[in-house]
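So the structure is just underneath, and the comments pick up after that.
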Amino acid sequence: MSLRFGILGAGRIGKVHARAVASTPGATVVAVADPLAEAARQVARDYGCSIRSIDEIERSEDIDAVVICTPTDTHAELIERFARRGKAVFCEKPIDLDVQRVKQCLRVVAEEGATLMVGFNRRFDPDFMAVKAAIDDGSVGKVEMVTITSRDPAPPPIDYIRRSGGIFRDMTIHDFDMARWLLGEEVETVVAAASVLVDPEIGRAGDYDSVNVILRTASGRQAVITNSRRAVYGYDQRIEVLGDRGMAAARNTHESNLEMALAEGFRRPPLLNFFMTRYTAAYANEIAAFVAAVRDGTVPPATGDDGLKALALADAAVKSVAEGRVVRLSEIVG
Amino acid sequence: MSLRFGILGAGRIGKVHARAVASTPGATVVAVADPLAEAARQVARDYGCSIRSIDEIERSEDIDAVVICTPTDTHAELIERFARRGKAVFCEKPIDLDVQRVKQCLRVVAEEGATLMVGFNRRFDPDFMAVKAAIDDGSVGKVEMVTITSRDPAPPPIDYIRRSGGIFRDMTIHDFDMARWLLGEEVETVVAAASVLVDPEIGRAGDYDSVNVILRTASGRQAVITNSRRAVYGYDQRIEVLGDRGMAAARNTHESNLEMALAEGFRRPPLLNFFMTRYTAAYANEIAAFVAAVRDGTVPPATGDDGLKALALADAAVKSVAEGRVVRLSEIVG
Amino acid sequence: MSLRFGILGAGRIGKVHARAVASTPGATVVAVADPLAEAARQVARDYGCSIRSIDEIERSEDIDAVVICTPTDTHAELIERFARRGKAVFCEKPIDLDVQRVKQCLRVVAEEGATLMVGFNRRFDPDFMAVKAAIDDGSVGKVEMVTITSRDPAPPPIDYIRRSGGIFRDMTIHDFDMARWLLGEEVETVVAAASVLVDPEIGRAGDYDSVNVILRTASGRQAVITNSRRAVYGYDQRIEVLGDRGMAAARNTHESNLEMALAEGFRRPPLLNFFMTRYTAAYANEIAAFVAAVRDGTVPPATGDDGLKALALADAAVKSVAEGRVVRLSEIVG
Amino acid sequence: MSLRFGILGAGRIGKVHARAVASTPGATVVAVADPLAEAARQVARDYGCSIRSIDEIERSEDIDAVVICTPTDTHAELIERFARRGKAVFCEKPIDLDVQRVKQCLRVVAEEGATLMVGFNRRFDPDFMAVKAAIDDGSVGKVEMVTITSRDPAPPPIDYIRRSGGIFRDMTIHDFDMARWLLGEEVETVVAAASVLVDPEIGRAGDYDSVNVILRTASGRQAVITNSRRAVYGYDQRIEVLGDRGMAAARNTHESNLEMALAEGFRRPPLLNFFMTRYTAAYANEIAAFVAAVRDGTVPPATGDDGLKALALADAAVKSVAEGRVVRLSEIVG
């Protein structure tokens, strides 16, 4: 039987997930909730589902699973409420900006035996999956160095920056998850450098826009993460993994395969410029993996604990910048 | 209001078009016809449509348009029947293997004032559209040389070869259409060379598997087409257009953006291996273009006349190989 | 002992060969001849050699070999004179523009048992050698299709065009030699199409500037050659060889490995723009191969017969264009 | 008049520089010194120069400049001796492994008004020069992030490791110089992470084989350096510079431009595997730049002070690893 979904939040990312659910065999959008009536109406129209309040969805017998796309500060509470109702929960990252609150929430999930998956969409990108497969099948050998370059085309509005928890918790968190996924060992130490180079307004908001991070595991494997809030040439999303047998790299995706040869040189189009076009396949694969995990009763491929650990790495990076030193992860998550 | 479709033929390409119709805003699959009950049932199930006979679809009031995916020798008759019923017709290439029969069919279409679009899907591939755009916006300047490389991963079954009308009418026909589309002038002469290199069985069936063709327009523009029924590295589909201001090229699409760096060298995955994965976007864009043309009452972007002219080029190529000489298109279409 | 060279002709290509000889271990430039005193003086200065007349070089005891870089119409006679003197001869292509004259010259060379090598420099380009090696070591399997793209950055002066023997004998001749070298079988038929698209002045000089040629061997292997006298993006020199096990391709060489990522897209520099920069390594390898053949008494890797056969292919192409038909090579060299 | 050189040390790098001098217009190899008679003899033979002792070269009137390629622990003293003799000095990096000794040496050079250039060959690599030009001409805009990937094909012998001063002073020092050259601002802080992943023997020798470093300037510009003593796919030498107008990147150089398309995917050859083949052009350009600086009396493009500053960055990296913290460069060079 089809898994019946309620979509909580019909904003930009809510619409992405609604479409992914609608196009996944064995999954149906049954209801959508959003305080903005027009946003909810659009999802209802596009996928032929009903509009309900979050409370109504919570009590709905015909809802098996929810996708939480509401503002970050509501995530933990909603996870707990729906976990207690026995519904499977897919929640956009982060669970919360506070490590202690996340831990508390995960305790509830564990007590209820609920299924919780966190939205680390990049694990489901076909190119990054190909890199992971090259690790898992032994092609790169023992992993030694991971290099992640992740740059946004342009910074988000300053209001978003202010509520984001800072670049490490908002943007780098995806790369922290990628690094953990690819290193094959837990990170032991974190050191970071942070600058304001793109927009001084970001600095005045207490945040950074340009950061580099080095992660190190107990056996000495290292990951380097390079982030910028601006890359004029598009959404730069690359991964390289060096092992003792070779390197696996995921190259960027351009708008098309056109190449122009002109008097001034050769030209290719810019990169896909937006996370929704760049990660279209990833969002679809992600929901399909969630549906499969719920159906088969298996552990989803990105758990609450993954969410917690990525957040802890972000906290360690913040501390490293503040104190100018290498921070052990054990200082954060004890 | 949504354009209501009947799908005639639920084989491989019929399913591709059914999916394209179903995913196009403003289009609905209403009915499917196929002598093979199971094939029809699958489409009916996937898109929630009814199963009818071709005759029933012809008489159906709730059908505005049909997609003809039946065997080639039924195309011309079906086009005529549905044109007479006032339905818009999208027909897979070719209309017929005989130029005179095609002309007769197109006369009926013209008399009825019917909308007919022919399935030259490559015109709708995003990469080839980018090349065309680079011509249309003047980036390549005056077009001088078009180079089309088109190789199948592996030959079709010998039975298919026997019924195909030969490589020029079955395979090169797509490239003839591409050449016309890109040259910006009608072709005047054709010369071709043909060999059997892949499988002697193809030769015994009276066909070739490896061909090269040179087309020339009145002003001297040239197009070269290179075809093979086999490329072990995947479905090789490339276009280059040289003009007086530069060259526009559409590069191949690989299975992913993975690059492996190993002791023996650098590796990228093979090309997308199948016309349905390689041209997924093209098939969707193609149906969308048909729907738009019907809705707006405009000439569709690949007409019956385009089908006729590509077929005439194929006939000219056949004659060129047989007679070892340059053939004028006027010898074929008078 | 070092092979002692006389350089006949100190123009552009003479200087290229003088430098190649000077930098080859086991070879020395002993003398140079040129009616233009300043040209001879420059070579004499650069490589510390003497200036002599061609007659003096012919009689010089301290000269073992000559490089003939004089105007084309002197080649055959000079080859004969120096062959008779027992000197090894390296001659720039072509030996002559007339097939019968070439045959006569080669008879003299054969009678004298002289060593003659013809300047098909592309056989010595490292990238093309890598393609050839991939054929020879079986990586591409049985050769089926060769595709050669060869475009000059810009046409030569119209005076040069007039004396050149026409595009097939002057420019395509290199590609004819490449095709023979790569096909692994002698060509049986030739068909060509020719246009004037770059400069009407070239047409008024009785020549073409844009040509495509299809070659076919007895077993059906084919080669396609695409030439233009103009490519604004640089000196376009590419080869692809398709076999039953794969394809080997030599990609173009850009001015540098710089890649710029900008708001309007990604940019690489133009191609190396000039035959002397593009084929620097080829010219050096070529002279080294000549020196080795003379030293070891082996057949040089590009013989007078190779020169003859390439010229015959050019004649066949001329005839094909004139008569609008496929021409058998046996019509030319009987 | 030609600049007359003495080559001090005829080992691997000494031979590279001897060849570079010999092939530079306006420069001549006059003498070579090496305690190993055979090494000296080979250079003498190849370039027709005399063999002398270092003392003799010091006193030679016919020597204008020396290239110091002797062991590292002799560099500083030789620089001082030849500076006092009024000879121009080109010295392989590093001047010394001790910052104080370097300072002392540079004081002597300054007092004598001698010309001293340090062998940071990468500044003269055509691809890296193209990146630098894209900064200097404004194409990348204001520099924000520099990313340098530098990996050796395989580790040097353990004996070399022991005498090398450690990976930061031996290998990363080139990248420190590149970073300074590209950042356009002096570095203020350094943080590094170091591991032994390639060979435990390197760890037992007290060194690391896998390191990452983050440099930061006063205005917040950052550079990331990634080093490994092993990359099985060849000598990995890449640079990326992100600015507010775009990114300039120098891609790697492969052994050839061959691309193979096979059933298992597409293949390109490995990278040029050795610093002498990879940086052939750089070594030639470097000596030419030295010759030009001596001739014109200008400051050479890589000074003793550049050598000092790169060494100070290496010392800061060592300290950062030892103390697990961000180190200010002012702690090292006061």
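So that you can tell them apart, the chains are marked A, B, C and D in the order they are listed, and the count of residues begins at 1 in each.
Simple rule for what comes next: contacts are C-beta pairs under 8 Å (C-beta built on N, C-alpha and C of every residue); 3 or more make two chains touch, one makes a residue touch a chain.
As the structure is a prediction and not an experimental result, all values here were calculated from the model.
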item: Number of hops, chain A to chain C, where each hop joins two touching chains; value: 1
item: Chain D and chain B - chains in contact with each; value: A, C
item: Winner on C-beta contact pairs when A-B is weighed against A-D; value: A-D
item: Reference interface A-C: repeating pair among B-C, B-D or C-D with over half of contacts shared; value: B-D
item: Distance from chain D to chain A - Cα centre to Cα centre, in angstrom; value: 41
item: Contacts with two or more other chains, residues of chain B listed in rising order; value: 231-233, 236, 245-247, 261-263, 269
item: Pairwise touch network: line, ring, star, complete, or other; value: complete
item: Chain D to chain A touching residues, read off their complex; value: 142, 144-145, 147, 149, 151, 189, 191, 193, 195-198, 210, 212, 214, 216, 219-222, 224, 226, 228, 230-233, 236, 242, 244-247, 324-326
item: List of chain A residues in touch with chain C within their complex; value: 231-234, 236, 254, 261-271
item: Touch list for chain A against partner chain B, complex; value: 126-127, 130-131, 134, 139-140, 245-253, 256-263, 269
